Structure formats: structure tokens, C-alpha cells
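What follows is a pair of complexes built around chain A, which joins chain B in one and chain C in the other.
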Partner chain A sequence: MQIPRGWEATRPHPLCNSEEKMAKEPPKQRAKYVKRIKWVFYAPGFSLNLVFGWYPLILGLIVGFQAYYLIRPSEFVGFTNFQDIFYDSLTPIVFRNTLYYTALQIGLVFFVPIIISILLMEMKKSTIRIMMILWFIPIAQMAGIIIWKWFYSVDYGLFNGILTTLGFPTSQWLNSARIAMLCLVLPGLIMFGPGLIYIATLQNIPQELYEAAELEGTSLWQKIWHITLPRLRPIIAMMMLLSIIGNMQVFTQPYVMTGGGPGSATYTIIMQVYTLSFTNLQFGKGGALALILFLLIMVLIIIQRKYFKENIDV
Partner chain B sequence: MSKKISKWLGILVIGSLVISFLSLASFAQLGAGKKPPVERTIEIKCPVYFGFELKDLPPYRELVDTLYNFGPRGNSSLWYMGWLYSMRAFSVAYPSIKVIPVNDPWWDAEARERLMTNLAGGTAPAYYPVSLLGGLRTAASKGLAADITELVEQWPVKKYFGDKTLAVMKYKDKYYGVPMFRGGWDSGLAYRKDFCREAGIFDKEGNPGPSADWTVTDFIEICQKLTDPKKKRYGTVIPLKKGSADWYVRMWEFSYLVPFALPDPSGKNTYVSALNTEQSKRLIQLNHDLVWKYKCATYGTEIENWGAALQLFKDGKIATTITWSGPSFLARHCGAKTVEEAGGMVATTIKDGKEVLVPYSEVIGGAPLPKGPQGTRTNAISPPDIYGINPLMSEEQIQAAFEWLNWMNAVMGWEVMMRVDVDRRLNGKLMNQRGLKLPEKRLEFALNAPTYYPMSGGKSWLAQMEINNPSTARARKAILADPAAPLPEVYGLSIPNRQSYLDIVKMAVSEAVTKKDADIDAIADKYAQMANRGPFKGKDAEITKENWNEYWTDFADFCKNNFPEYYEKVLMGELWDKVKIW
Partner chain C sequence: MPLIPQVGRKKIKLRLLLGAIIGILWLGIILHLFPVYWMAITSIKPYHELMKMPPTWFVHKPTPYVWRLIFSPFRVPGLTTGNWILVPLKNSLILTLGIMVIQVPATAFVAYALSKLESPQWERIMFLFFIGTMLLPFQIALIPRYLLLQCFPFASRVPPMIPFTNSRFPRINLLDTYWAVILPSAYSAFSVLLFKGHFDSIPDELINAARLDGAGEFSIFGKIVLPISRPVIAVVSYFSFSGAWNQFMWPLIVFKDPNLYPLPVTLYNIQNMYLATGYASELAEQAQEISSLEQPMGWNLIMVASIIQAIPIFIMFIIFREELMRGIKLRGFK
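== the complex of A and B ==
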């Protein structure tokens, strides 16, 4: 690096000086210096993650093996909490409901934004922009859930009002054990947030591929199957992973809309964790159930990672 | 130079990390919260429900006159201003106790979680309703309420509490709580007087509404008459949303006399659910039939007990609703005679073909619960809610909190709010826990006053109901005349994980009501088993066969003397073999 003119007689530029110094330093010492200094930048994020992420997680896992009291010392009880969880006849019900909800979410709500996004890409750019604005306006989730709850009301809801006006028989909606879970999932269809991510990915696919395919005489469906979907695969894999993790921990929709009813048809694992911990003050059992959920989610993720490869060349 | 800087930076970062971890470890759940040091001035934090500053208070006389004339008139701030006056008087009477008000409404949705977080963090207020922690039994067994046996035993006011109240203050023969007020909540039914008038439903005295001695059959008939499909109005509502099931099951307890729980004959656990007893199934069947057979009830998993059901009632969509503190609640909120005074206590009715808002007193009446199928109905006054005192405080603070609760809820604070001139009162004999002496005349006056809500001119509860809403007075008289069944808590028995159990009861009703062809027997068995394997699992070593013997023997005598049909058909015919484990 050249020393600026006029500076020769003055104090050397510190940066130039240190660079010269660094240039004179042996490579090993430089590497050690780099190794030490990078922790200064890692430390804040790492410590926050440790304190607010890992520490509560590990504590929660430990609580599952304890009789936990808010202010008294806890007692180690081994696997007693897990035994009680497995003995409880509500446990298979909540696991079944949660898996059912997740399957419905993946099957109905997860793939719709993908289809919509792919179809959007076939439209004019102005149309795409308008549709994106219309569909991707942020919606306050809780407000939406409460409004949908009353739409579903048997006697005073909008949906049955429309059905009655059109001369159709009314439906039980949230009061039917058969379709209550479906009713919880449907509001998610209007939340097209993930579509933004898919559209961004689709816009990065090289157009030459589609042009080449057109020259080959491929149909729209073949283009989607052989070009679009493989390019979307990494994003779909990631979104599916997040979807599984999020939906297995569903709480807001059933808690607000049905309270777990009718009967126990929409009672989920996290609702039971909440009941055990904050209603019964059985934090140990709540922790044990949360740990079982954690392990189940890990298993599902492993299965998903095994059978849904991100690598587009596989 | 840069190496030195980075070296010191690194030491600083690592050092702060270490200190952070050590600090966190000291706050970890394994230890009890830190007890604050004992000071000459004892500070206690008391939950207040509005952020009023003392300087905002109006002149005392003006406040008392306003409270007397209207009662709480929708804007409850007046009552709480009276509360703050009492706090000021307390601080003069007890100069060594500093009361710090903290805005902490205990009825809002996050109250429970907030309290638990504060307890774990050592920042909880001096006292709190134990209902937020699952009841006194749960709070005491988990060390979340201080043992105040010594203080209660020396408390002269204790003799004025009945056995029921004393029983719910205790856990394993020790006192862990103070009642919120001397009386208790009565359970009843609210009904629309305007709809009853319209449908030609009058009691024996010619007042619109049901008679005080009505039965379940009358209830069904009245609900059917009050149902108008064209107006989408139903006779009653069956709320199915989970949570707040406590008052919902009042008919089980007081009308149908469904047992709170049965003894486990196997001995592995203490309790088993009574959900699949025949009497319980009859009540589940009633709920089902109200919707599908008699077609006089609306229902919904989106409808919760208090909020949505009450709103439907106020909007004129349902004609009756079971409500906690039925008559007394209505009486309190029927003081206003105009919509302006009523605040939020208004209902919708039709006048001259138009929908108008009117105050409660005009269109809402109170009735006792209907009698069960065997003519049964017990005194539907439940013991009062209980305050537990924060066990993390020092002994002096616990005593200070007890003094405060004594002042506010038992006698003193109530007197201040009611009538007594503050200056005169404070110049007289001041009370402290060690030498509680209140002139008998004042004590008698204060204890015959209504509960913690003030009423006009110091009239008795019943007298005030006659003024505000006569139907509630009739209902209250009927409730008071009903015989009081033995309370299990008096015999050391109580439902474990009560809220969780009631949620399961509600699940059973929910499943029965939402299926037209519901199999009631199967539903009852399913949820009984769920209760037995969930909230009822566990053995309480202190409950023996003697506890059960005493309770069921007394209960049998009570039923034999008061409800012979129930005694023969239900107790002896269906239950006795299940309960007689001694």
C-alpha cells in the first residue's frame, strides 16, 4: 500500500503501518489473531442464543424428570412423569389430533401457495404484482382466527347464514368432531405468506431453461415437473421442515376457536402441556410431554430429510 | 496495540458471560426466591385493579354518597376509589406498614401466568386469589401459600365464619388462606323478564318469570315457550368452550346432587370420577335433549360461559343462562335505573318495534336453579374465594399482609367505605392483630353489611335486592331456604386438579351435545376413565376410609331427612354400593 504524499515526514498511517506489520508477521500468528478476534463478534449473538435459547431448552428437558415447584426446591423423580403421561388416556388422543392437524396442514395449506405461485408466474408481470399485493397483505393472525370462529357459529355465523340463504342445509362446523379440525386448518388457506418465498425463487430460475424446453416442444406440465419443481425443491424442503415443526406445536387456533372441543376432537399436545403446567401446576408432567413432543418432531424431521432430498441433482 | 485491545476485549466478554451465567444460576428454580430483608417499615405489595393515584381521589363524603346512591354503576372506578380511601386510612392506622399498590387485575386472561412468573421470580404481590393456582389445596400442597394457622387462630373475626368457609381456608388442618369476604357466591339463573312477559310465563305471585320452586320439567317447558326460531332466539344456551367450567357445573352439584367424586374401591387412587354414575348420565342426557329433542337450546364450542353466553343473553338471543353469583350478581348490577348510569350493564330489548338498550333492572330477573328430577335442590351458596399470602415474604411481612386483609375484607376497610368518618375512626381505638378489639356494635353493623360491594344506606343484602331487583330477592330467599348439604372439604375431601377435572366434564357434555345420536353411556364411561387416569390419578395418604365413612354417613342422613326420593332411588339404589368402602 502506498503512503499518501506529504505524509512521509509525518507519523505513519496506522492502517498502513498495521498492514505492513501484518505483512511482516508470520502466517501462524496471523491465524491465531484472527481466531481470537472473531470471538468478539460471535459472542453477543452466541450468548443471547445460549441464554434465551439453549438454557431454557435444557432446563425444560430437565424439568421433565422432576417434580417441579415454582418456589420450593425440585425433586428428581426419574421417569415417573413419563409413566403418568403414558398412562393418561388423553395422551393418545392429543397425539392423534396433532398429527392429524399437521397432515391436514401439509396436505391442504402447504401445497396451495406452491401451486398458486407457479400459476402466477404464467401471468403478466402487472397481474403478478396486483395479485401479490392482494394475497400477501399481512393479516393479524389472532384477529383473523377470532373472526373465523364466529363465521363458524351454528346459529349466528356467516357461513350458515349463506348456506341458509342459498337453500342448503346448515353445517355444524366447529361443533362437528368430524370436520372441526378441518375448520381449524381452513383459515390458513388465506395466509399466503410462504408464496412470497416461492415466487422469489421462481423468478431466479433462468429463462433459458424454459426457452430451451419450448424449443423441444414440452408442455406446460412437463416444464413444471422437470424444471420448476426441481428448482423449488430446496425451498420446499426447508418450508416443509418449518411447517412440520410449527404445526406439531399448534396451540393458538384450537385454543381460541374450540378450546379443544367438541369433546376432545381438537385437543392438541401443546394444549395438554399448557393444562398440565399452568392449570394443574404439574410442571414436571408438562415438561415430560414437551420432551416427548420434541423427540417426535425430531423423528419426523429425520424422515422428512431422508425422503425429501434438497439436492436437485438427486 | 490492536492485539492488546482484542485481548482485553476478549477478557471482558468472557468475564461478562461468566458473571451472567452465575447470576442466572442464582435465579434458577432450584432455590426458593430470595426473602427480602426485614426493615423497620414493612413493605407489602398489594394488587390493585386500577392505576389510580391517591391524589386523584374525590372528597370522601362525595364518594360515599355516590356509592350509596347507585352502587357500582358500570364504572367500577368509584368503588375502587373507596378502596383506595381505605388504603389511606390503613396507612395512618398502621404507620409501620407501607402498602405499595400494584396494578394487577386477577380476572384477566394472563393473570394466572403472570402470578406464576412473579412467584418464580420472587416478585409476586403480598396476596393473591388461590383460584389462580388451582385452588387452595393445590396452592398449599405446592408451597404457594403461607401457613397462617397461628394468625387465624388468634383472629377474633374467625368465629363469624361458617364451617364451609373455614373448611376452604384449610389444607390438612392448617390454615392457608383468608376469605375474600364473609358471604359466598350464590348460583342461580338469569332470565329475561321481557321475554317471559311476552310468552305469558308468570310465577305464582304474577311476576314475569319462573317460580322459585320450579323443577327441571318446568325449566324445559319454559325454555321451549321462550324459543322462537324466527327470531333465532333460544330458551337457553349450553356453552361448550373449555375453561371456566366451575360455575357451569352448578346444576350437577346443587340440583342433581351428582357426587363430587367417589372413593376408588381398588385403593390404588383416592378418588374416581362420578361422571359415569346414573345421575350424572341423566344430566348429560338433559343437556343433549335440550338441543336435539326439545330444540330449545343453542350451543357452540365457540361459546364460553361468561363472555359469549352473557353477551347472547344481553342481546336477546337467549332467554335464560346459568350464572355464578346469580341473584347477588344481578342485584349488584341492577342498581342503575338509566342507561347512562348503567355503563356496560345494559341489555337489548324491543320497544315499539325497535331495538333499544335498557339497564339490567328493567329486563333481567334472577331465579334459583331448578330442582332436580327427584325434587332435589341444596343451598346453592358456595364458599367465598380465598386469598393466599405470599410465602416468600418474611414473617413480619406475612403478618402485615394478614393485617391488611383483615382491615380490608373482614371489618375495618369495609366500615370505612360504608359510612364511618375517617377522622373519628382513626382517633378511636386502632386495631392490630395482637389485640383485635372492635366495639361490638360496629362489628355487628359491619358484619351484617353486604359483601364487599357497597350498597345504599347500609341496608342489608336482601333489603337492597328488594330495591334493585325484587326477583333477585325472591331467588335469594329461596336459595337461603334450601338445606345446605355437607361440604366434602369439611371432611378433608376435595377434588384434586379440580379445574382439569371440570374441563373433562365439559368435554363429556360437549361431545354429547354436538352429536345428535350420541351414546351417553359410552361418552360418560370414556371421560370418566380419562379423569381417573389423568387428574384423579394418585393417592392421598392422609385420606382414609374414615374420611369417606364420615362424609357419606352424614350425606346419607341429610338426603334421608330432606330428599327421601333421592335417598331411596339414587343414593341407596345406585351409589351406596360404590361409596361404602369402609
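== the complex of A and C ==
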């Protein structure tokens, strides 16, 4: 292979084993070349992330302070939009609903894939593959939501059918303001878990750790608590963060299953942002609400980062 | 089998525990797959069986007439002017493949540069630049992104004036084009994380050895890094496919033309119209004319569409199962 200029002198003699040192200190020319070429690697992702990621994100901070018109350019209106949001009687409801939904998701659904992954590791080598495939077969989101809507149907639904067969009184499910939100969360229990993310980490935990613990007579729960969970911790922390961010911005499930009803029992913040901006075309007001949501999520993230550290402390 | 000790497996208590675990897992699998079964049987149930209460667990008289509607001139009022399900399927495929084709290489390049080419003092900043959009709640960018696509590249409803003249800057309206969905999703921080987790595990010595031989960075990437990255490419492709395939809110916002709707939006609309009583009978009459069957149409139509939406993602999973089963290496944000 052609050796570039400037390399001949520093190239190690085959008998001289200084390659490691070489690897750590590449010559200046190479460093310059790497410095330039890395921008070629960055270019597509960098421009996409800049134009469609950061640019709108930063604009999002000012949209709330503006009023938008059909033919005139937008203008700044100070805190008017925030005042409107503040006096809107729907605002406290959507915030309460969204927080409730997120709490249910984190409390009920979030830990299911983790538990399943840990249990799957107990299976024999021969069954584990088929079980993993069956467990993690994905079901398209919209199809899944719609079949559950049909399950919940009051007149023809499966759940009421089972209740009648067993002789219990039927339930209103999605039509009952009291349990509608819970019904939105339940499909997550068996439908959309990101279990595959945890499997890799679990597979990499050295077997010796468990064997050593066994010799000391450690109980099952202690093994999970002291060996398995600390090693899953960084991934759990990250997935929880993403889960909080994602669930606070929930839209599809309530929009399709209940449309925000009954009344406004499942009406979420992003649904309100959607209605304000894309139905009423009040972009400023929608932007103001989105900004408040943004700040709320940032607060939640800070709390989560503070109390759920990523470090392994064994 | 790390938790339950190997030696004492014959103890009755441990046996019971193992049995319980197996029971829970199989029960979960059955529950997980049950909705798919229900979709399948609902799509072929005759009307009187559909409206039975309590519902029947098996189909007594399978009538797959709704499946015949796929290749018929049947159309849902207010939706596509073409075929009711094949046109949305085509749209979904175009959008999803478009996103995949841009996202997978672009994020691989970014992750490789972050992992192997970045100087230590800039590494953290560049990492935050590329990952930050995932850590910040993105819906704040919902409205600006819409305005940006409407009036590209100005992000307002009316472009600003060119200074000292009476005319405005030219602009492109990307709404109601496929680009409106493809471009904003073409970059994904999550894919960068997946790629970076893998590239970080490739020893620097391997790459430096190639550098000593005078190989350019692109040939190192193409000849050394890519061949050992097949599993992670598969994983990223799968995640990018399923993310794009399930997109609902964004297409709902940017597409006004029903002929561009991808499957999830179409599915939602059909389902919505069906529940609005006026449409239901209209749809049913039309279906009867085409399939010349003397029964009204129930949820069959929605279920057929659901199954068609579920199949491609299922196929992708089967294709990439080997790589996915091996697990996904993620390293957190540090």
C-alpha cells in the first residue's frame, strides 16, 4: 500500500514493537487530515439535525411570544399568549391528565419489560430463543390501539363479553371518566414493551457473579437486587428518562381511543397544543402551552437525574 | 440460568418457582399474541357473528369477503381517490423507506466520527449537539417545524422582505409532499446512540493499524468497520423502520391531501368514519354492491386494514430476528 508522505520516518521497524506508542501519537499530518475528514462524516447528520432539530427547537422558545397572521408576518406580543393559557379553564385539566398518564405508565408499564427480561434469562437455552421471539414480536402501534378499542367496546367488546359470561355487571371502560385513563395505559402491559434493550446487558453479566453469590447462600431476591439490577441501572435510567419525555408528550393513544373524552378526562397537553395550533390556527397560543410543557418536562428530567443516577454502585 | 441455582433444582420449592416463571412467561406470550388472533378472526367473521354478545372465540362460518375488497374499486368516501388500502400502503412504504435510506447511513457516519475521529476536547460538545435533540422534549418544536416546512427555510407564515426591495424572499412549501415527513425524521439521535455503542467497542488499535498502513478514513470505514457492524446496522434499520412505520401525529399534521396519508392515518380515519353512523351504512352498501353479498359490513374492514398495517413490521422483525435476539448494546448517555 502507498505510504503517505511524512510517514516513512515514523513507521516502526518490524522488529521494534512500538506500535502501541504509535497508535497513541499519530503524526501531525494525519491529525490534520482526520480533523478535515470528520466533517465529511458529520455533514449529512449535522445539517439535518441543525435544520430540523435545533433550529425549530430554538424557534420553539419564541413562538409562544408571537402572534401569527395569515398574510402579515408574525409579531411579538409579550406574555399575552401565556395569559390566555393561564385563564383557560382547560389548562389545569390537561396538566393533571398528562401527569396522571405519565405516572401510570411509569408505575405500571415501565417495569414490565425489565421483569420479563430477567425472567426470560431463567429459561433453558433451547426455549429461550423461541420465547424471546414470541415475546418481542412487534405489533404495529395503530393496529394495536384499534383492536384494544374494539376490546373495550361497551356493546360488542370482548371484555364486556367475558364479564357477562362470568356473570359480572358490565363496565363502561373508555366511556367512564373514572377508569378511562387506566384503560389507555393497560395495552402497554402486553403490547409495546422495549424488552430487547435490556436483554443485551443481561446476557453480558458474568455468570461467575451469580455462582459466587450462590456459594454464600444468597437468596433469589438478593441476587436480583445486588447483582442484576445494579448492572441494568444505566439502561433503566436512560429508558426511564426517554419514557418520561415520551409519555408527557402522549398524543396517539388518547387521540385515537377516546378523542380526549369522556368530557375531558383523557385530554392531554399535546392534544390541546394540536387543537390550538392546527385546528384553531392559534400558533402563538399553542407554542406558549408547548413551552410550559417543555419547562415542566425539564424539571422532571432534573429530578429524575438527581435521584436515579446512571453510575453502577455495587 | 443465573438466578435459580443449578444444584438444588430438584428441591420442590425451586421447582415450583421455575414452574411459576414458565407459566407467567407463556401466559404473557398468549396475551401478547391474542390481539393478532382476534384481528384475524374478526376480519373474517360474518356480520351476525360480529354483533353477537358475548363474542364468539372461533369463527363458525368464515366469510373472507372483505379481503376481496383489497383489489376492488371500493373506496372510502373522503379518503383516497385511488384504491382504499393499496394507495396508503404505497405511501407508507415510500415514507418509511425514504427515512431509512437517509437515516441509517447518515447516523452511522455521525456515530463513527463521534467515536473514532473526534478530538477529546470537542467530543462532549459534539455528542451533546447530536444527542441533545432526543433529550429535550421535542414537541416544543412541533409548531416551528410545521411553519418551517410550510415556508422553507424561514419558519414563519410569510417570508421576510428582501432588504431594499418590495418583494419577499422565495420560499418552498413542503407541506403535502413526502419530504414533509421524510426530512424531519431522517435524523435520529437514538440511531446514533445505537451505532456509537457498537463503534466504541471496536478497539482503537484496529483502526490505528489500518491508519499506519496509510488507509484513508473512508476506506477504513468501508473495509474494516462496516463488515463487522452488520448486526448493529440490522438493529438500527429495524428501529428506524418501526419508528417511521408507526408515525401518526406528524403525517396527520402535514398532509391535507388524503392521497398522501400513510396507513396509520388512513386506519384512524376509516375507523372514525365507521363509528360515525352515516358513513357506516354508505360503506356497507358500497361493499355489498362490489362483493354482491347480502350482509352489512362490520369491523371486518378495519381489521383487514389493521392486519395490512401490522404485516410489514412483522416481516422486518423476522428478517432481523437473529441480530435483535443477540441484544442491543446501549451505553447510556455517558
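The rule we apply is simple: the second predicted complex is superposed on the first by the 273 of 314 C-alpha atoms of A that agree within 3 Å, B and C clash if a C-alpha of one lies under 4 Å from a C-alpha of the other, contacts with A are read in each partner's own complex, and residues count from 1 in each chain.
One rule holds for everything that comes next: contacts are C-beta pairs under 8 Å (C-beta built on N, C-alpha and C of every residue); 3 or more make two chains touch, one makes a residue touch a chain.
Quick caveat, the model's predicted, so the values are computed rather than measured.
> Compare chain B and chain C by how many residues of chain A each one touches, and report the one with more.
Of chain B and chain C, the partner in contact with more residues of chain A is C.
> Would you check which partner chain A:D155 touches, where first means chain B only, second means chain C only, and both and neither mean what they say?
In the superposed model, A:D155 contacts both chain B and chain C.
> Based on the superposed arrangement, let me know which partner A:A288 touches: chain B (first), chain C (second), both, or neither?
A:A288: touches no partner chain.
> Scan A:Y55 for contacts with chain B and chain C and give back first, second, both or neither.
After superposition on chain A, A:Y55 lies in contact with both partners, chain B and chain C.
> A:Q249 contacts which: chain B (first), chain C (second), both, neither?
The second partner, chain C, only.
> With both complexes superposed on chain A, which partner does A:N175 reach: first (chain B), second (chain C), both or neither?
After superposing on A, A:N175 lies in contact with chain B but is clear of chain C.
> Scan A:I71 for contacts with chain B and chain C and give back first, second, both or neither.
Both partners, chain B and chain C.
> Applying the document's definition of touch, where does A:F278 land relative to chain B and chain C: first, second, both, or neither?
both
> Just checking: does A:V185 make contact with chain B only, chain C only, both, or neither of them? Give me first, second, both or neither.
So A:V185 meets neither chain B nor chain C here.
> So, does A:I137 touch the first partner chain B, the second partner chain C, both, or neither?
Once the two structures are laid over each other on A, A:I137 reaches chain C alone.
> Touching chain B and also chain C: which chain A residues?
33, 37, 40, 43, 51, 55, 59, 63, 68-74, 149-150, 155-156, 278
> In the complex, go through chain C and note every residue touching chain A.
1-5, 17-18, 21-22, 24-25, 28-29, 31-33, 35-36, 38-39, 42, 50-55, 102, 105-107, 109-110, 112-113, 117-119, 126, 129-130, 132-148, 153, 155-158, 160, 183-184, 186-187, 189, 192, 204-205, 208-209, 211-218, 221, 242, 245-246, 248-249, 253, 263-264, 267-268, 271, 299, 302-303, 306-307, 309-310, 313-314, 317, 321, 324-334
> Which residues of chain A touch chain C once you look at their complex with the stated criterion?
Residue list for chain A touching chain C: 1-4, 7, 11-12, 19-20, 22-23, 26, 30, 33-35, 37-38, 40-46, 48-49, 51-57, 59-61, 63, 68-74, 116, 118-124, 129, 131-144, 146-151, 155-158, 160-162, 164-165, 190-191, 196-197, 199-203, 205, 207, 210, 214, 220, 223-224, 227-228, 234-235, 237-238, 241-242, 245, 248-249, 251-252, 255-256, 270, 273-274, 277-278, 283, 286-287, 290-291, 293-294, 297-298, 301, 310.
> Can you list the chain A residues touching chain B in their complex?
Touching chain B from chain A are residues 18, 33, 36-37, 39-40, 43, 47, 51, 55, 59, 63, 68-74, 84, 87-90, 149-150, 152-156, 172, 174-177, 180, 257-265, 267, 275, 278-282.
> For chain B, which residues count as touching chain A in their complex?
2-3, 6-7, 9-10, 13, 17, 20, 24, 28-33, 112-113, 116, 119-120, 122, 133-134, 138, 142-144, 232, 234, 240-243, 298-302, 304, 317, 391-392, 497, 499-500, 503, 506-508, 510-511, 513-515, 523, 529-530, 533-535, 537
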